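Chain nomenclature is as follows: A, B, C and D, assigned in order of appearance, with residue numbering initiated at 1 for each chain independently.
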Amino acid sequence: MPEVYLDHYAATPVLDEVVEAMQPYLSEQFGNPSSLHSRGDAARIAVDEARELVAGLLGAEPDEIIFTSGGTEANNLAVKGIAFAARKKGNHVVVSAVEHFSVLHAARTLEKFGFDVTEVGVDGYGMVDPEEVRAAITTDTVLVSVMAANGEIGTIQPVKEIALIAAEKGVPFHTDAVAAAGYIPLGVNDIGASAVSIASDLLYGPKGAGALWVKKGQRLMPLLDGGVQEGGRRGGTENVPGIVGMGKAAELAARDLEGRAEALRGMSAALIGRLPEAIPRLKVTGHPERRLPWNASFAVEFIEGEGMLLFLDQKGIAVSSGSACTSRALKGSHVLSACDIPAEVAQGSLLFSFGIGNSLEDVDYVLETLPPIVERLRQMSPLYDKFIKQGGG
Amino acid sequence: MVKIAQYSDIVMDHFMNPRNVGEIENPDGVGEVGNPVCGDMMTFYIKVDDEDRIEDVKFKTFGCGAAIAVSSMVSEMAVGKTLDEAMSITRDQVAQQLGGLPKNKMHCSNLGADALQKAIEDYRSKKAATKE
Amino acid sequence: MPEVYLDHYAATPVLDEVVEAMQPYLSEQFGNPSSLHSRGDAARIAVDEARELVAGLLGAEPDEIIFTSGGTEANNLAVKGIAFAARKKGNHVVVSAVEHFSVLHAARTLEKFGFDVTEVGVDGYGMVDPEEVRAAITTDTVLVSVMAANGEIGTIQPVKEIALIAAEKGVPFHTDAVAAAGYIPLGVNDIGASAVSIASDLLYGPKGAGALWVKKGQRLMPLLDGGVQEGGRRGGTENVPGIVGMGKAAELAARDLEGRAEALRGMSAALIGRLPEAIPRLKVTGHPERRLPWNASFAVEFIEGEGMLLFLDQKGIAVSSGSACTSRALKGSHVLSACDIPAEVAQGSLLFSFGIGNSLEDVDYVLETLPPIVERLRQMSPLYDKFIKQGGG
Amino acid sequence: MVKIAQYSDIVMDHFMNPRNVGEIENPDGVGEVGNPVCGDMMTFYIKVDDEDRIEDVKFKTFGCGAAIAVSSMVSEMAVGKTLDEAMSITRDQVAQQLGGLPKNKMHCSNLGADALQKAIEDYRSKKAATKE
């Protein structure tokens, strides 16, 4: 049976070069970067090198990089850290409705501490309108956070425009680039952001590592108090192998960005182009042009995502779905809902996230495998039944 | 069969090879529960013989693997039972027969027994109406 | 040159068995535990197994374990999480003066949010008096946090007594067991705690993993909002290899606890017994009996710690010091200061932290190597000069 | 020599083989700066010749590797200089001669030039006192 992994948004494999780079720091080089002896030295030097490589991917200064345990911590640190540090200035933050929960729920936590949160909506393609952000900003606004691109539907947000508006209003702008970094060019100064989150595990790096870039001078209340690691902005013994792995992954992502993006775009475009021909009543979700190269997202009408996932898994294909049943919280996707996709259609959402190990043959295999699965599940579906009886099909 | 830890072998078997999928033309009773907005919807059709025994069951289900397996299992459990017996099939019995269901799926996907009961009630109320 | 690593409190090497256990999850088994396909399954099962092993070390239930990125996050989650969740009940927390900064500074952050913090002092051995904790508790107290043992001086705290007092007063009790777990028996129910923090990297496990045990029913506000990982109490893609490594490390620590403790105690006791004979004006810090088996801590009068560290490093010996110069924050140790050790004496602090790879020969090597280094530095020291001229020596 | 990244080779050399450690009996000037509570304390002793040139320097230092290396370097820089020249030795020059110092050590450990200046001032004030 072929193994066709198309769930890179959930997890990327770790590149051999990355594992190799990490290896010494898992065993012989186990020193603590804070230690003053030579063993500590080796660890500190390794962390500093990784910091430069991550800064390189973002076109940033190394000392502006704060290593975290992942994208979620980076987002929490950005949202809570910037808002709490500014709580004497104001108590309002603006986020988009399609943010990852690590931004959205962090904002809800701010509400418990007296903040007001405005969620700016999106159009049917999942795009934020910068003018809506402008309209949402008040004199109390201390943070605007809009993601660089949404992983579920691939839509790339107009962050430069939003950053410009935030800058005009003197409000810090954070962007969650977890899904985007390494796939579209993301110079932090080019964007004009105050803070940018990224994660290692969507970059063919190890899990357990992420980073928040924070512009020099931007005030931030730490989330993890403790030692003076990361310039006092994030305590805790550094995850040296994780950080080293992330550094290597960032280096390779920066080096290969264009090549990777082109290959991925080729595959996702092929699937987006051909799947609707093979499956009637299939909706492409997200933006037709402004989308992440690796993302091909759909909603299959009349059936639910988990069944498709299970059947595809039987055929060696790994994908994900934003359906309620496949989310551990058993709630439908807030992203699809923000795009005004009816809840019952959103239940049939399917996300193919391509990786650098995939090929166009994998697309062929999906095109061959998925339609009969959909057909089979539709034959069981009372919704499809009604649709047919009402003259559809 | 590729197994997923959250589902027992029996669940996977019933999901992949569901028994009694389909529709009954001119059913004696129809029961529909759930709602596609929440992610699970089941329609049960029954045929009842002269001795108030369930002769045939068919179902259509929109929902996750568990929902489909539950429907299939309920349909198997119901065939040949008297209406009273079938009415007493509980969610817990279904889950047990399936070798267990994931905790988080116990409530949302385990609607098969309810749909069957609705179909029986539908049959009974139609019959009562005919008698009057 | 011999390599004598005696800085296990800063970092332990990762055991081969642990690295081996992690290895698959760095490469082939790269799935995301939240994914519904078989690759996700493998990761989820691995995390669940690790959860059982960590629970085993603490005598706890697996679903009471929250995996974190390390000891610092566990402590921040405990202190802020419990206090913020109870902020409608009261705004007072009690900590000891010798807590790790990840507890102490977390408490200071609570002050910024309207909490009052009482720091209970210690005696000359670094011991907290449970009756002082009792006296500190008010009707507004929502948390007491006292560490199981202090890593810098080895002193084991009377946590059972403190837990009992907290329980009498109906106040949750958290204990930071990062330095203690795996070295002294620590049954969470035996202690009677509400929350216990541990870290992987002091247990011969990888960096980047830790855990907070939280008693069923204890309310907690998450620190990292996001997905519903860890039962909704800690969002973020799980650091699968790190967690797996921590699980293995916990398993081995539980299995070998007594043997390890005995061997370590032998070495530290030998050094504590003999070093004062070899170096005049040397003070053993911490408690004479109630101390962690791996800890041998001292203060060398008239000289400063960094010089000793550098010279020892030249001889292949890695240790640490609580001196201001060796701390990245350039502040003297708050622990030694709480023990009423004069600041200039504390500058000469030396911490030998033994590990399971050490032997009594390493103690001999230190006994042979350190005295001439001390002598050399004392010869340069204006303080020693004064002491001698005043008739000391 | 085992090297620590934060310290240059020159710093390590001066730390491990400090020049002019010790005391001068009957010094012409003594300067003491710092405070053991903060972690760094230095005492400089100077001998001045008839032409106001520093003939000999000795020091004792309590402090980190940088503090010891700084003391050693300052002592070397000072020997043979006139008092005026020696007075103009700056912290930055010392750090530069050492091949750089870690940023966080620039302020706390780089007291050698101050101690030397204090010793010179001590000498000058004593001399002034004698003249009066």
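Quick note on the criterion: a residue touches a chain if its C-beta (ideal position, glycine included) is under 8 Å from a C-beta of that chain, and two chains touch if they have at least 3 such contacts.
Keep in mind it's a predicted model, so treat the numbers as computed, not measured.
For the pair chain C and chain D, the distance between mean C-alpha positions equals 39 Å. If each chain is reduced to the centroid of its CA atoms, chain A and chain D end up 55 Å from each other.
In whole angstrom, the spacing between the mean C-alpha positions of chain A and chain C is 34.
Counting partners per residue, chain C has 36-38, 306, 310, 313, 326, 328 as the residues that reach two or more other chains.
Multi-chain contact residues of chain D (touching two or more other chains): 2, 4. If you sketch which chains touch which, the pattern fits none of the simple shapes: not an open path, not a single ring, not a star, and not all-to-all. Taken together, the chains touch in the following pairs: A-B, A-C, A-D, B-C, C-D.
Looking at the complex, you find that chain B touches chain A at residues 1-2, 4, 12, 15-16, 18, 21, 23, 32, 36-43, 60-68, 104-105, 108-109. Residues 5, 7, 10-14, 16, 19, 22, 26-28, 30-32, 34-40, 43, 68-73, 75-76, 100-102, 105-106, 108-109, 112-113, 199, 201, 206-209, 221-229, 232, 235-242, 306, 309-310, 312-313, 318-321, 326, 328-329 of chain C are the ones that touch chain A when the two sit in their complex.
Those residues of chain B lying in contact with chain C across their complex are 2-6. Those residues of chain A that touch chain D in the shared complex are 36-38, 41, 44-45. Residues 302-304, 306-307, 310-311, 313-314, 316, 323-326, 328, 330, 332, 343-344, 347, 379-383, 385 of chain C are the ones that touch chain D when the two sit in their complex.
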